[in-house]
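Please go over the structures that come below.
Shared chain: chain A. Partners: chain B in the first complex, chain C in the second.
Now for the complex of A and B:
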């Protein structure tokens, strides 16, 4: 790490290599109270406030969550140990959990395809453009900075069955009000907000591809598609794969857009894990069960990370 | 002598440029169109909005903004949001800045473990700790308080802020700090007189990104704040659309008021936003 350079210069008279027999003594001498203060205590004093806060907000409740997942805790009062009962219920009995999990997987399938297609298309167009490149980048990135509540409001309006976008093509059903279209409609609104972010990431990666590769492709007579497939995509592969992994994890966390637009309805058709946990914890007060569900999400995230780590070991460049 | 570069292009290459611009323009319409519709609706009357839902307004009526401001209680909720944003950004810059400085320059024993901890922490799914955290916060009386929410926001944004500030600090030359030390400056003076003045762009980027995240934050605020007088602008707007959802013109005006300051800041400092959000931030 580059940070070492500063301490090195001061530590140059550190461990003496001059007289072997006196080494130990010299070392003890080196760790004077002043040096411990300066190189250990003070730096850690700088680190501790935020680390302690983070541990208190994240690690401590996470550990509590693991504990409560083995209990029938209801948020207040005593928690009774019930072993693996919550997990058994989740895996074998709870149909709403299974349905929710399936919706998260559908959500994931949408988000590893549609935004990636948009972003790859947009960034490969934009990488070739000079004039107006900044304008395009700013405009396409802009939806990403909007709050979820505003994006949701805009799209609720655009999906309106009386005068929204569908009416332009003569479709007069409520996209958000029907079980078979609601989830995809919400996903598309979220995609509108999200894909510009992916595009900028890809664009930055594309700028790192050596131009000679494009020249060589041109000499070989590659067309637009071949150039994309054989030069651009391999060039940005690490970023694409990393973002695939992150998007797959995020697909299990989705909450805002669905809560705002449908709240899980119509008739539970958009109830994903996040909504299910929210209802279990804060409406049905089954906090122990909700904690177990939260752990299941972490396990899915862990599996995804492990799978990508495994593929990397097998020689995929990630 | 210098002709425009297009002059030398083959016809085929010119065609490909036209192709790129045409499709990029379509994408721009897709990205900006919905926001433009929101802006136009915010100045229509409701009767006009029914007849002309997606087109340009016939006349500009600004009373929607006043109505939304009153009935959506934007005065109080935007004040609340500013408190959440300023509190979080201040805590983040001070505490995160201290930690980043320590990691970048002091490299104390255990620094690697801290980095790994932060990396893992930033990918832990929020649902793992959110439910117990709620009941912990309730027990401690931190629900419905400014500091309760600010503490959570500061912690959740800490890994991002520390990473970004650390990488910025590593890029600064060490010689200036050493010179200051030779002149007898103590650690705090080095930090305040040398590091902060030199690295303000890094701090600004972190401040902007974290500020934007808090201004837009919905999920945590929904769970930890139930009293209307403590609502930030996002959850209060959610309740507002719940009540006045039929009044599209007024709710559009409300949404536009919420994003107007964000859009202005974004357009003014867009390079910083984009850099901060894409480089440091595998977030959102």
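Now for the complex of A and C:
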């Protein structure tokens, strides 16, 4: 087509103009301008509103957060630049921060194991279900779309030692009221709401595995476990690894369930970074220090993403 | 035709301009207030709008959803927005706002409206920063012992007047198979400060607390060690809810329901529960025939009534308001004894610390009226201590409630707890962040 068009153009020039080279140049110039408009300017024009919005609600506040992390800002009034003092205090002095960080790591270890095990197991079973499949999927996914205040309140009652689940097994202590059980009890409640989401993702990924691979495995005499290990898991590996990365990042952002169920108690046993930051910003009036703690969470997230990017470069399917 | 069209346009424009001028005028005299989007917020705010006497000023109350209105307001004020009349948790928080230049100096209005004669002197002093008035205290608060009167009468228990009698009563209650007292603190971590405030003032004594708050005595003093040690012992002994794990995790409603039903004998609660007990947990609404009453928590040094004093919140005027005079007029109405009495009777909001004369609370529940009467008598005798949420600086106060639970959980010794409090206090004392402490 291009060649035809070009030939026709040249013919027109030959008939209608004594300076075909000049016209050709103008036409090329027009096309260049058109291309710039169409492929460079117009897309940016469409992007400008969302970029402006992004800059206003994300980039600008984030930059402000970075700025305040180097100040002694109290959340109101003027901020005074104090260099790296907040970061020094956080890294070398603040035991609450260290304890909270350790709890986030425990939280992360819980969430990269228990919900993944639940979800892989659940999705493997549901993948074989044909009758009522949608009902089971919906029922298991439902907790994920409930607001956390609803789910957390339900679990507060379920954990009540006077009439809740513990009474069924004759346990009369409050799981949320003891230092050694509170964090894991909240994690379990959060897991109850979360694992259905993972399961649906894995189930969707499993739909993409060619059935012929399962047939081949059967021909080779593979049992259910071998099918799962050698066919299913490699087939959904990118999704599993991507979700692992996301869950690791989310583990540093946990706040709502803990805030609702224990507020960081009992005796600080569930105080994670999110709770510590909230207390520093709004109760101790140390907003600058809280900003520095927030930056540290972003750094952890950055490290996790970098680690996964490195693994990807090494050939991992992520 | 053309002339008619022109005339019509001119008239229309004139009308529009008049409307705009009217709107601007109305806007100019509007005073905005934010209130919580709950029954209490709706009640007092509509009462305020209905009873405000001046027709040249419009009071506009914006009901805000969410539970943390104070933080929302603080962020708005910092951004140059927010309501004309603002409030926060109390003097320590208002001190922060005033120091940041976000509150208007109220000295001129205090003179104009004679607030100095209307407020209890200590209450007006709470709102001063470097000698100038920036906020007005609201909701007179103290912590008392509610008791299930029906159960007490059935068991023949007497109201304790000393700490020893209280200990003996606790033993008797347990022997009867009941839990000594509620509530539980699973829903409100900072609320554990009530007990610390009571034990510091009722056990160590208000004079020592005053000295500590004014930097004349360290928090590590042995009197405070003894007070906190005794508090720790009763909490670990299960006085609250029967066990430490329930103290940490159960809910207010659960504890109050058990108290109303007579399974818990007493409730160590604030005066903010006066209205709620009758309304929700005793008698017909709760499906029981029980009665409640209250007594002041005993002390180690007097058998007279003794109360810690505090305020639930403080109100001020935003420095960004375009209508400071109108806002002051609204505050003046809000802090009139008549409006406070109405708000107390109709909405269950504790009255502000004003000087009440005559039968202002004649229509209130007699137990509630008795409280404010006896509180006034105790106050005039100097039998009052200090609530941490009104008199402690912000960071020291967070230490007070955040770390006491580690003491209860045996993670932190009483001595280290008080040493930490002293350390935080020294820093804030040096920075001038201590709220005004009424002289004794």
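The rule is short, and it goes like this: the second predicted complex is superposed on the first by the 269 of 318 C-alpha atoms of A that agree within 3 Å, B and C clash if a C-alpha of one lies under 4 Å from a C-alpha of the other, contacts with A are read in each partner's own complex, and residues count from 1 in each chain.
We adopt the following convention: a contact is a pair of C-beta atoms (placed from the backbone, for glycine too) under 8 Å apart; a residue touches a chain by one contact, two chains touch by 3 or more.
For clarity, every value in this text was computed on a predicted model and none was experimentally measured.
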{"item": "Overlay on chain A: chain C relative to chain B, clash or fit", "value": "clash"}
{"item": "Between chain B and chain C, more extensive residue contact with chain A", "value": "B"}
{"item": "Partner chain in contact with A:75 - chain B first, chain C second, else both or neither", "value": "both"}
{"item": "First, second, both or neither for A:87, with chain B first and chain C second", "value": "neither"}
{"item": "Partner chain in contact with A:188 - chain B first, chain C second, else both or neither", "value": "neither"}
{"item": "Touched partner set for A:214, first chain B, second chain C, both or neither", "value": "neither"}
{"item": "Which superposed partner A:228 touches (first chain B, second chain C, both, neither)", "value": "neither"}
{"item": "Which of chain B and chain C A:161 touches, first, second, both or neither", "value": "second"}
{"item": "Chain B versus chain C as contact partner of A:282, first or second or both or neither", "value": "both"}
{"item": "Offending stretch of chain C which, after superposing on A, collides with chain B (from 43-51, 61-69, 169-177 or 277-285)", "value": "61-69"}
{"item": "On chain A, the residue positions that both chain B and chain C contact, one per complex", "value": "75-76, 160, 162, 282"}
{"item": "Complex interface listing, chain B residues touching chain A", "value": "16-17, 20-21, 23-24, 27-28, 30-32, 34-35, 37-38, 41, 49-50, 53-54, 95-96, 98-99, 101-111, 114, 117, 121, 123-136, 151-152, 154-156, 158-159, 162, 170, 174, 177-178, 187, 212, 215-219, 222-223, 234-235, 237-238, 241, 248, 251-252, 255, 258-259, 262-263, 266-267, 270, 273-274, 277-278, 282, 284"}
{"item": "In the complex, chain C residues that touch chain A", "value": "71, 74, 77-78, 96-97, 99-102, 185-190, 243-251, 254, 394-395, 398, 402, 405-406, 408-409, 411"}
{"item": "Residue ranges of chain A in contact with chain C within the complex", "value": "74-78, 156, 159-162, 173-179, 182, 262-269, 279, 282-286"}
{"item": "Residues on chain A engaged by chain B in the complex (per definition of touch)", "value": "1-7, 9, 39-40, 42-44, 46-47, 49-51, 53-54, 56-62, 64-65, 68, 75-76, 118, 121-122, 125-126, 128-129, 132, 136-150, 153-155, 157-158, 160, 162-165, 168, 192, 196-197, 200-201, 204, 224, 246, 249, 252-253, 255-256, 259-260, 273-274, 277-278, 281-282, 287, 290-291, 293-295, 297-298, 301, 305"}
